[in-house]
Amino acid sequence: MSGVTLKNAIKRYGETQVIHGIDLTIDHGEFCVFVGPSGCGKSTLLRMIAGLEETTDGVIEIGSRDVTRADPAERGIAMVFQTYALYPHMTVAENMGFGLKMNGVAKAEITERVGEASRILKLDDYLERKPKALSGGQRQRVAIGRAIVRGPEVFLFDEPLSNLDAELRVDMRVEIARLHKEIGATMIYVTHDQVEAMTLADKIVVLRAGVIEQVGSPLGLYNDPDNKFVAGFIGSPSMNFMEAVVEGAGVRIPALDDMIVATDVALPAAGQPVTIGVRPQNITLSAGDGTTTLGLREHLGGVAYDYLDTKTGERVIVESRGESEVKSGAPVKVSFAAEDAMFFDAKTEARLR
Amino acid sequence: MSGVTLKNAIKRYGETQVIHGIDLTIDHGEFCVFVGPSGCGKSTLLRMIAGLEETTDGVIEIGSRDVTRADPAERGIAMVFQTYALYPHMTVAENMGFGLKMNGVAKAEITERVGEASRILKLDDYLERKPKALSGGQRQRVAIGRAIVRGPEVFLFDEPLSNLDAELRVDMRVEIARLHKEIGATMIYVTHDQVEAMTLADKIVVLRAGVIEQVGSPLGLYNDPDNKFVAGFIGSPSMNFMEAVVEGAGVRIPALDDMIVATDVALPAAGQPVTIGVRPQNITLSAGDGTTTLGLREHLGGVAYDYLDTKTGERVIVESRGESEVKSGAPVKVSFAAEDAMFFDAKTEARLR
Amino acid sequence: MAVTDTGTQSKQSWLKRNKLTVTPWVFLAPALCFFAIYVVIPIFESLWLSLYEWNGLYDADGNSTAVWVGFDNYVKLWGDPKFWTSLVNNVIWLVMFMLAVPAGLFIALFLNQSVPGMRLYKSLFFFPFVISQVVVGLIFGWFYNPDFGVVGSLWKAVYCEETVNIVGNLTFRCSAPVPDILSSETWATYGIILAGLWPQIAYCMILYLTGLNNVASDQIEAARLDGAKGWKMLWYVVLPQLRPATFIAVVVTVIGALRSFDMVAIMTGGGPGEGSTNVLAYYMYETAISEYGERYGYGSAIATVLFAIMLVYISYFLHRMYQDEKGGH
Amino acid sequence: GDLVINFDDLNPGPKQGFEDAVELFKSENPDINVIVNINDREAHKTAIRNFLTADAPDVTSWYPGNRMAPFVDAGLFQPVDDVWEENGFNEDLAAIKPTMSRDGKIWGVPYSYYQWGVYYRKDIFDKLELAEPTTWDELIAACGTMKEAGVTPFTIGTKFLWTAAGVFDYINLRTNGYDVHNDLTAGKIKYTDERIVQTFKNWEQMIGECGFVDNHASMSWQDAIAPFSNGDAAMYVMGNFAVDGFINAGLTEEQIDFFQFPEITPGMARAEEAPADAFFIPANAKNVEDAKKFLAFVARADVQSQWNKTIGQLPVNAKSEISDNKFIQEGFATVSTAAGLAQFYDRDAPAAMAKAGMEGFQKFMIDPSTMMEVLERLDEVQAEVYE
Amino acid sequence: MFPRPIEKSSPARRVGYQAFLPVALLIWLLPLLAIFLTSIRSAVDINSGNVFGWPSQFRMLENYTAVFTQSDAAKYMLNSVLITVPSVAISVTLACLAGYALAIYRFRVALPLFFLFVAGNFIPFQILMVPVRDMSVQSGLYNTIAGQFLFHAAFQTGFCTLFMRNFIKALPFELIESARVEGVKEWRIFVFVVLPLVRPAIAALAVLIFTFVWNDFFWANVLTQGEAVKPITAGVRALNGQFVNNWHLVSAASLMAAVPPVMMFFLMQKHFIAGLTLGAVK
């Protein structure tokens, strides 16, 4: 069993605290993704698990061993870096076998295990090449191969795909998903790419400023975010947020010509401000006569994004399929099902349920 | 009038020919986007128009002047580079006014024209800053400002947004669209980003290996591609292609359990191979009992991508909305409307119509 | 008229058309002139002069008194033991000087830490390189001096006792004679090289310190995960990344070794004995223009040999550079 | 007009003597603007080769004998027979005339020479009750006494080589005489000639039974004064210019004295080292007229008297007065009674030979067992240099 | 990056390291320190063999003043300045021009010409000695300040060009293209775009060349005679002859000769090191 457990993990650089007491349990075999805006501490947290950054306080356990102060090499982990960090002067085979060689594994066994990994990753033809002679995707595969070869209990990935171009990224994403299925090891994966997070994760950890905002399955987070931050962060294009005012059993939305949306969530007192959120997919447009007009329309073939100009200046994006008769610049009517709307406290940004 | 016309434009580097006789007319005021895979010659073509690369053969006209051998400065063009190419030792205002100053324009006029451009680009607050003190988006705007100031007839952009992060890219895209509307000058824009091409262009030029594959409006290309390359290149996720065999008035698709698709396009003789293409959005799935199974399913919240494993090993991607009951690994039935399918010659890859 | 018109037009447009061809030459001209006059042409003159016998004198009318002797100078060189001594010494220099590379690396590794005041330490360590070789030579010459120098003083402290001599002045009686490094045919060369190593190590150290700055941290981290430590880390991961620094360190060290002149001139003047610390650079100088020299042709022949040796390194360096240039574009 | 003079000695005494003379010359010739370049001696030796063609002064100091030969041969000096003629130098400077001549012409005017010999610490000799040795055996015996008393007999600094040549010259002159010296430096005798070998054997004996200070190869001649002045060494084979150095090092004239290098081969006619310093007129001199005036001036009896008094050397002009300094007196006695005057090894032998020879001497002094190796090597050089 | 940051190891090691640093430095600079101590000793100390111990008297001011009053050291220093400054100015100027041409323009002989400069930078300068000296003599430049700085300027141009060319080459080429599109003339691109951007390189080169030329000894010997135009390096050697047995004065003079490059290094350290490594490694 080799899950990873963090108990009140804290990281300080001198005075500045970067990670604020993270408690987290990742089960054996789970694929856990850390997401969050740039600088929120994803990499730091991952590197603390790897042992590349010292943990200022708290405990990190891998399996049942406390590894908080252990050497990186002793933690039974392998890491794939964003930059791949391949040794440029070694061939692919040497790169993959380096860790074993350093640990005194016999030559024959190294060859065998490298062969195994290269088979899994379809790298057989490149074993004698230097990294320079490989494409980005191949390098990435070598980096993963190097991790696999050592047979670690936990794989750590730090934005492994962000240096690849869009197409390759999709392929490698699928590859990593397959790999996880095949090996079944615990994987912790840092990304800022939503799609990767949504498609790969068993469990997503949303971080903000060194604090966990929410932990859950991808669809769990998408469908049932705990707060405005998570709601806005998960889903693409991101959720539209508008200011609203509580009125009776619903809210009034000034941006949409004081449209009233009824809801049965626990709203604050009448007259209080709340934030309402609706996903672009859940909005439909029709010709209208209010103050909301259709700004720019972006056609992407199968789907189009309409940018609405509202009277309050809040921008609303609507995803639509198929052709629409509404012309750019014309007034539109916005409608959505009340159950598709989410409500958030205007101050704390917590979800109102 | 300042359209751009290329007549049999050719570029050779020593022995290797990079641009193979391009004929192209870009109308005055048009927004023309060059797309194509990396290395296809987009930048080279743009730089030929700019005069930064010598044109080996053929004629380039701007307006009605033959500028094939003219100096870049004499062509009435302005160029925005991917790297912005701002002069780091000059302030924003100096950067924008540099070209004018060097060409002996009076100080007062420089100030006025820089002021005008900075107003359009909302750069007024930054005029005295050095580029180092600007964000990526602001730098990009300065680069555009520098182009505007000279009042060129033609603007050339070489992947101007590719150094920005995703969010900013969207904003700047909208900005450039607005600018084009406002200035109305001819613009030629190189990108490898589909979305940019689809949303900005009046006319898209699809290049492959130094040759034009197709020229047309964004939706024109999406809906009516001339060949398999364009069909696959435009649209995201890209079109699914499967081998098929002509049978009677339709084709049989081995990958989909010999499903027959009827069509009235001009097919080759019965038994001949063709390629059939269907966009992921146009396919629907239901539980089935054939050999096609649902492989990986990627949930992105609003939309999900299903990766189908077919018996021939061809991979088919299906975009679906809402929940689907089909489980990963289960056999599925694939269906799509016959009119959504496109047919391509198996050899020439030309569209069959 | 039409003919002249097109004539002037094509004339104007020639300059214009070839603007990018002509401009670089305008920019290059001054440097090229200087360089040609003082460097390129003299090289060939030297080669040519090595085929003459000349005592460097012009007669009162300014005509050279040189006499053509063909390859005689080279034949003489072959049989000249001082030439061979110099050559062997140059080889010793080359080999010993190479110590500067690992020594520089070692110090660089030692100093590659960030503690308060490190910048100052680093620059103080670099100090010897900035000092003129003449000064370094004087310093070490004095350092080695058996009577007044540090070596002498230390030796006296250990092996000698202070006594009073016959006229009542203080003197030292030593159980073993003070080593006189610079007067020993065996040790003088090594003494000079040691002095030369001092600034050279500092140079290599700086090169390595900069190289270490650019070592990819991700590779180091990957290697740490791979369990590489200490020497293994250095050997397998760090050194390969320091290859450019090593290359340059070797190049400058080779050049330094072959150019060694100042130190020899200052510390021993080629002596003791029959040029036992001579090196080609100094022997050439000595032969051509020192007090007992006046053999310009012969000196040029020595310089030519030195040049030929250096040419091997220059070619290698240029080859490397050419590869880089090709790769870069 | 301008009269440019290049002079070759920065040491305080000689510099003073020269400058005084120049002052006197100036006051006698107020219309001549004298410009003086004084250089370190070693530097001057290098520089002269260029300035004679390129940037010739009107007068330069240089040395007679073989040292002036290349310049004379290249036509870079002007003959000054007329100066000698007009001023009666042919008589007054007769002793030196042969070394100033080449190809039948006279090329310069000497202003000074000085004796060589053995300077010693009189106080030490007195303490050890030693008398000035006059024969080789006496010298060796005296050395024994000194060594017993913990005194190193000889000091020397061979870093710049020529000091060793002085010792060699003396042993050779005393062993084989003036003619052999001349034949050797003229390339007529091989170094492996048994007579020269005998010289070296005597030298070896001197090194072994007398002995020189340690570390002499890393000392200049000035450095070597230190043990002498400190009383660690008792004798110094040197030229008279060294007396200045002794005094500067804190010794008094009473503490030092001079004796002629002892006899080795009994009955051998006594020749001495007595190098002369002279002035020459470059062929390219611009102001020849004033240059000749200056040459005539420096050889004048009164000028030489005064000048040599200042620098503690011997005037060449026979009519000059000699200072009453005891070294000068003794030196004059030594030189004027000598059977022959040698210039010096490195002035009598061609440059390339001199260089190789002196290197050999130094090597030999460091390790006498290399004697034959050194001599054979010198034969090779000789064969090449005099070809 | 390697070895492991000391702040991550145990406090004992850290303290040990910090304590050892000054010791190591002391050993490393021992020769320099010794000569400095000598330079502030009195003659009495030197003669009594007190070379290593604590000076019995501190004679710093006296000794250093003596160097200047008893010798031509001041003149030598001035000569060094007069030789070094124009050398630096000329070679850097030439190299900027040449480097620009070689970096920006694509023409067939650009690379061979560049290699010529590089090769010239590495040759043993003994091969130039006789012809250059001879040429200087013939042209009246022998034994002049100009003769020395012209040669140094020319010789250093090789290195400077290597350096500037690589530096300019590393500038984004788009800057030049952009200016060309804007119709800026070539020489104005050089003046207004390139020169301001290579200022750091110029500074780096200037300090480096300053040190090289200042410390030159060989050419001072080859191209001068006498004291009139001799630079301090050669001067120090002459002083060595003059101050026989006055090691305290020789030491003081030697240190004086070293002061300007050392000052230069300290003031412009960043540039200096950048110059060394960039120029060399690139």
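Remarks
Think of it as A, B, C, D and E in the order they're written, each chain with its own count starting at 1.
Keep in mind that, in the parts below, contacts are C-beta pairs under 8 Å (C-beta built on N, C-alpha and C of every residue); 3 or more make two chains touch, one makes a residue touch a chain.
Bear in mind the structure is a predicted one, so any value in this text is a computation, not a measurement.
The chains in contact with chain A and with chain D alike are C.
Among the remaining chains, D is positioned farthest from chain B, on the basis of C-alpha centroids.
If you compare A-C with C-D, the chain pair joined by more contacting C-beta pairs is C-D. One inter-chain figure worth recording: chain C and chain E are separated by 14 Å, centre to centre, where each centre is the mean of the chain's CA atoms.
With centres defined as mean CA coordinates, chain D is found 94 Å away from chain B. Distance between chain centres (mean CA atoms), chain A to chain E: 55 Å. The centroid of the Cα atoms in chain D and the matching centroid in chain E are 41 Å apart. Residue positions of chain B touching 2 or more other chains: none. Touching two or more other chains at once are residues 42, 46, 53, 223, 226 of chain D. Counting only residues that touch two or more partner chains, chain C has 56, 62, 216, 237, 289. Chain B makes touch with chain E in their complex at residues 50-52, 71-74, 77-79, 81, 83, 85, 87-89, 98-99, 102-103, 146, 150.
Taken together, the chain C residues at the contact with chain E in this complex read 19-21, 23-28, 30-32, 34-35, 37-43, 45-46, 49, 56, 62, 107, 109-110, 112-115, 121, 123-128, 130-136, 138-140, 142-143, 148-150, 152-154, 156-157, 170, 172, 198, 203, 206-207, 210-213, 215-217, 220, 230, 233-234, 237-238, 244-245, 248, 251-252, 255, 258-259, 261-262, 265-266, 280-281, 284-285, 288-289, 296, 299-300, 302-304, 306-307, 310, 313-314, 317-318, 321-322, 325.
Considering their complex, residues 6, 10, 37-40, 42-44, 46-47, 50-51, 53-55, 220, 222-223, 225-226, 249 of chain D touch chain E. Taken together, the chain E residues at the contact with chain D in this complex read 47, 133, 137-138, 140, 142-143, 221, 225-228, 238, 241-242, 244-245. Within the complex formed with chain A, the chain C residues making contact are 216, 218-219, 221-229, 232, 236-237, 240-241, 243.
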